[in-house]
Amino acid sequence: MLYFINNYCNIMYYSSLAAIRRAFPPSDKKGFHMPRDASTEKPLVELVNVTKIYPPDVVAAEDVSLRIYKGEILFLTGTSGAGKTTLIKLICCLETPTRGLIEVAGRNLSRISSAGVQRMRQKIGVAYQDFRLLDKQTVLQNIAMAMEVTYASPKLIRFRVEELLELLNLSDKRDKLAGELSRGEQQRVALARAAANGPSLLLADEPTGNLDPVATELVINLFRYLNERNGTTIVVATHDESIYADTEYRVMSLSKGQLSAHPSRAPHQIELFEA
Amino acid sequence: MRFLAYILRQTGKNLRQTWGTQIMTLLTVTLSVLIFAFFFLIYTNMIRASERLGNDVRLIVYLDQEVPEQMRPEFEKKIRDFAPVEKIVFVSRTEAFAKLSAQLGKEKDVLNDLGPDFLPPSIEVYPLKTLNDLTKISQFSDFLLTLPHAAKVQSGSDWLRRFGYFTNLLRVVVLLSAGLLIISMTFIISYTLRLTVLSRQGELEVLRLLGATSAYIRLPLLLEGMLQGLLGSSLGLAALYSLYQWIANRFSGPGFLKLFDITFFPPEITAGILLTSIVLCTAGSLFSIRRFIRI
Amino acid sequence: MRFLAYILRQTGKNLRQTWGTQIMTLLTVTLSVLIFAFFFLIYTNMIRASERLGNDVRLIVYLDQEVPEQMRPEFEKKIRDFAPVEKIVFVSRTEAFAKLSAQLGKEKDVLNDLGPDFLPPSIEVYPLKTLNDLTKISQFSDFLLTLPHAAKVQSGSDWLRRFGYFTNLLRVVVLLSAGLLIISMTFIISYTLRLTVLSRQGELEVLRLLGATSAYIRLPLLLEGMLQGLLGSSLGLAALYSLYQWIANRFSGPGFLKLFDITFFPPEITAGILLTSIVLCTAGSLFSIRRFIRI
Amino acid sequence: MLYFINNYCNIMYYSSLAAIRRAFPPSDKKGFHMPRDASTEKPLVELVNVTKIYPPDVVAAEDVSLRIYKGEILFLTGTSGAGKTTLIKLICCLETPTRGLIEVAGRNLSRISSAGVQRMRQKIGVAYQDFRLLDKQTVLQNIAMAMEVTYASPKLIRFRVEELLELLNLSDKRDKLAGELSRGEQQRVALARAAANGPSLLLADEPTGNLDPVATELVINLFRYLNERNGTTIVVATHDESIYADTEYRVMSLSKGQLSAHPSRAPHQIELFEA
């Protein structure tokens, strides 16, 4: 019963997206959630002294400690090869840390069962840097897949896919094969798939690398919308300064596996977020 | 409910999307079942034929004079002491002549010139079925020659040896073919599994990334495997049955060839083959996705 | 020079990088050659055995009185008019008796009681090898029975029929096995090609994008195919030869079994098999990359 | 003989690259080649009324006419799905036009033989938007492959690969598998492969989508260097405004398959280049 109410609410919120798209001009940044007081609230994701070394000797993360709170938007920056993707893979359990502790929603990832990982992944949407789409399936099928694994009703799937595609300006590509899209279109499909399940945590790895400024804005608006309405926590790994240049959201910077606040940030802001 | 619907829909989708591979797999299963059942059939019939052959073995001891009625038990005892025997029949000159002329039927005029005494008396010894090996038979026949008045022992060993030679050759051919076929089938099956893995790899990886549970991934594949096993083995057995019918019709020779009559599997074995191939196919499809499911 | 060095280096690199697939392909070729050569060997030996069998066919006409010397040409003409015949031998009572006692050897005492006249005179007819079919033989034997004084014709048809039945059964088994094997080999080869294509696809596509010429792509694959063909068929033939040796040793029976003596291929055929498989492997590897080379 | 002289020259120029890298600060734009008078010089690439329609009805290029002169650097911009990649694929013969004429180095691509296409591709370096690297080969092998197809000497290959890797800040990744690199590293490997053969035409499709500003500058310097020293003609399809924002090079814009000068360009410049 609860399930259906939940579905119904989802339908409601998605159907209003198209309208809301005009209601949120890109410069309007009222949606910023201030993080809660670190001492009272349990973070959604917590990394404690995490080190990841790819054999034999590539240090992709070194002693990284990071807390990501529910409802936050976090930008991860860093030069190419700094370890952004590695950090994201660690959070969604695609890689295991060499040392250190990772907790997602209070569960220690090193002790979680295989089935537990899968249940967790259903609630985390990841837009991979290399998309990981199935080239021989249509856009619709690719996005629907993310919802099918949670046994969502076909009607809801259809409905939500349409909304997401409209939101990302891809409506005319719904029945095209993913392999026949342009890279920028594929990138948006990957994002739509990550957002399809209404995840509580969205990890977007370089989500605008192949997008022009207009499409980039669509994506940013989608993030902001998910964050405000759903309280979705969003982590964006990116090089695109235009996205995070003058945002009020937290920006962290990785350099050779070491995490620090972004240099352009004011020091007091840094203290607010560091554990 | 919804869960079941999903599993079934997913199975249908898989079958539709990869029908090329599916048909190849189906044919592989059909072929495997056909081949194994084929050689199994040949093997069981060969065993039965050699059993029947055992029934036919008969040693005839030709004597240079008749054995009087009262001596017979003594002869019998001597023979039975040497080897277990099913039946011993004493044939006198007259009986032998009567038998021959009965066998000749219309052509018995040939015998007219010869007196009823021209055939020697004999003892027919029918050994137990356990005595089905050529060297044992020839030992037995050597022994029988030591009986008093025994002139010659006809052990049918010439015919037996030819037949034995043939069944041996046939057995070697059958076993070698079966060996080669088993190697081939191993190849085919490993190739099929590799191709299945390759054709599914992308999709299974993405499903894992999206948080699909083992049940969501495994059950459709299990259903598929069962379907493949059922259809494939039914087709294979049907093909074998047609072959069998064809051979049976072609070789329905005259009565004396009953020795080689071939028969099909009884229903239990047919069912066993069906079941085994269903189990194997299911196991195979699980095996092919093993590397995608974390333990 | 540099071109050649490149081709060779590329071939070596391919072999090293895809050794798993290479070994599977090599084993596939070995198995195919072994299987085809195996059945070819059985087939050629079967043909030879049935030719020898033809030599053995002999019809014996038992007569109820001797044919006088001066009548013999007339008999011969009659017989030769009906069917082509290799040899006709007239056997008188005495000759028959002498022959039988020679055959019995040490055991000829059995005959002591019987006069030298107890065996009927006969005519032995050796038909040409072309007459190797059971119905023709029985027609011939029916005809021979119409000769004057003919009492009975022994055509050995009982033995012949058993033997014929057996060779037929063997032939059916061999042909069916061969058929199944050919289907299996088709499967294996198509799977091998598919796997080869899949394992090379990425690299060949990139090579085309980078402007590799057909020669650059094809020649290493050609060399590889030739190597596979040569090695695979040598291994296959070697395996068959060992099998042959084993069977030949096991079945080196006494003289009277010469009928079934098996022989290996003459060198020409061995060379032919080697060549064919080299050509086929080369063609196969070209075929597998066909879709990457624009026409 | 000529071959060896050519190789030798190549070695010379590459060995000086490391030094030159410091000699060309990114803002130093003296390398701009003015295009020659269109009426006297034959263009290296000429497209005349080219239309490309992907079945059934996706119009990726519509009546595109474009001349690219030897020694030019051309930026192609356009929203996602505008047809940039399609245009690049048309030039390197990966797609055939539905209508229209394409000539590269004076040869009509619709009449060229298969062997001709391959010879042409050896002289065109293409950095694909999806990289097309072989994941299971090392970086060295991936780059070397481009030179091996022209039967270059192993010594030259080794030498040039080292230089290119140093230039793109990838020296420590030489013997890593391409599949184990970060996306940004892969992107630079794809560029290195495109440049390896000393091509006379370099087509770079979104070459900086996964690169941070520092790496982007390395790439731009490489382009400028190839252009100045080798006279390499370079076509760059990109969304990254920071690359072409204030360049003196020609910038063309695609929109739904139709080509025009970029709106930010002055009108007199447009007339100079349009056929």
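Labels A, B, C and D are assigned to the chains in the order they are written; within every chain, residues are numbered from 1.
By our rule, a contact is a pair of C-beta atoms (placed from the backbone, for glycine too) under 8 Å apart; a residue touches a chain by one contact, two chains touch by 3 or more.
Fair warning: this is a prediction, and the values are worked out from it, not measured in the lab.
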Interchain contact steps from chain B to chain C (minimum; 1 if touching) = 1
Query = Per the centroid of Cα atoms for each chain, what is the distance between chain A and chain B, given in Å?
reply = 65
Key: Whole-Å separation of chain centres (CA-atom averages), chain A against chain C   = 70
Request  = Go ahead and note the Å separation of the Cα centroids belonging to chain A and chain D.
outcome  = 33
Task = Identify all positions of chain B at which a residue touches two or more other chains, and write them in rising order.
result = none
Task = Could you list the positions in chain A whose residues touch two or more of the other chains?
result = none
Query = Chain contact graph: line, ring, star, complete or other?
reply = ring
Query = Okay, what are all the chain pairs that touch?
reply = A-B, A-D, B-C, C-D
Remark   = Residue set of chain A touching chain B in the complex reads 94, 114-115, 117-124, 126, 128, 132-135, 145-146, 148-151, 153, 193
Ask   = What residues on chain B touch chain C, complex-wise?
value = 24, 27-28, 31, 34-35, 38, 42, 62, 64, 104, 107, 109-110, 113-114, 118, 120, 151-152, 158-159, 161-162, 165-166, 168-170, 172-174, 176-177, 180-181, 183-185, 187-188, 191-192, 194-195, 198, 243, 247, 250-251, 253, 256-257, 260
Task = Over in the complex, which chain B residues touch chain A? Could you list them?
result = 2-3, 6, 10, 202-203, 205-214, 216, 293-295
Ask   = Once bound in the complex, which stretches of chain D touch chain A?
value = 54, 58, 77-81, 85, 129-130, 176, 180-185, 187-188, 206, 209-215, 239, 241
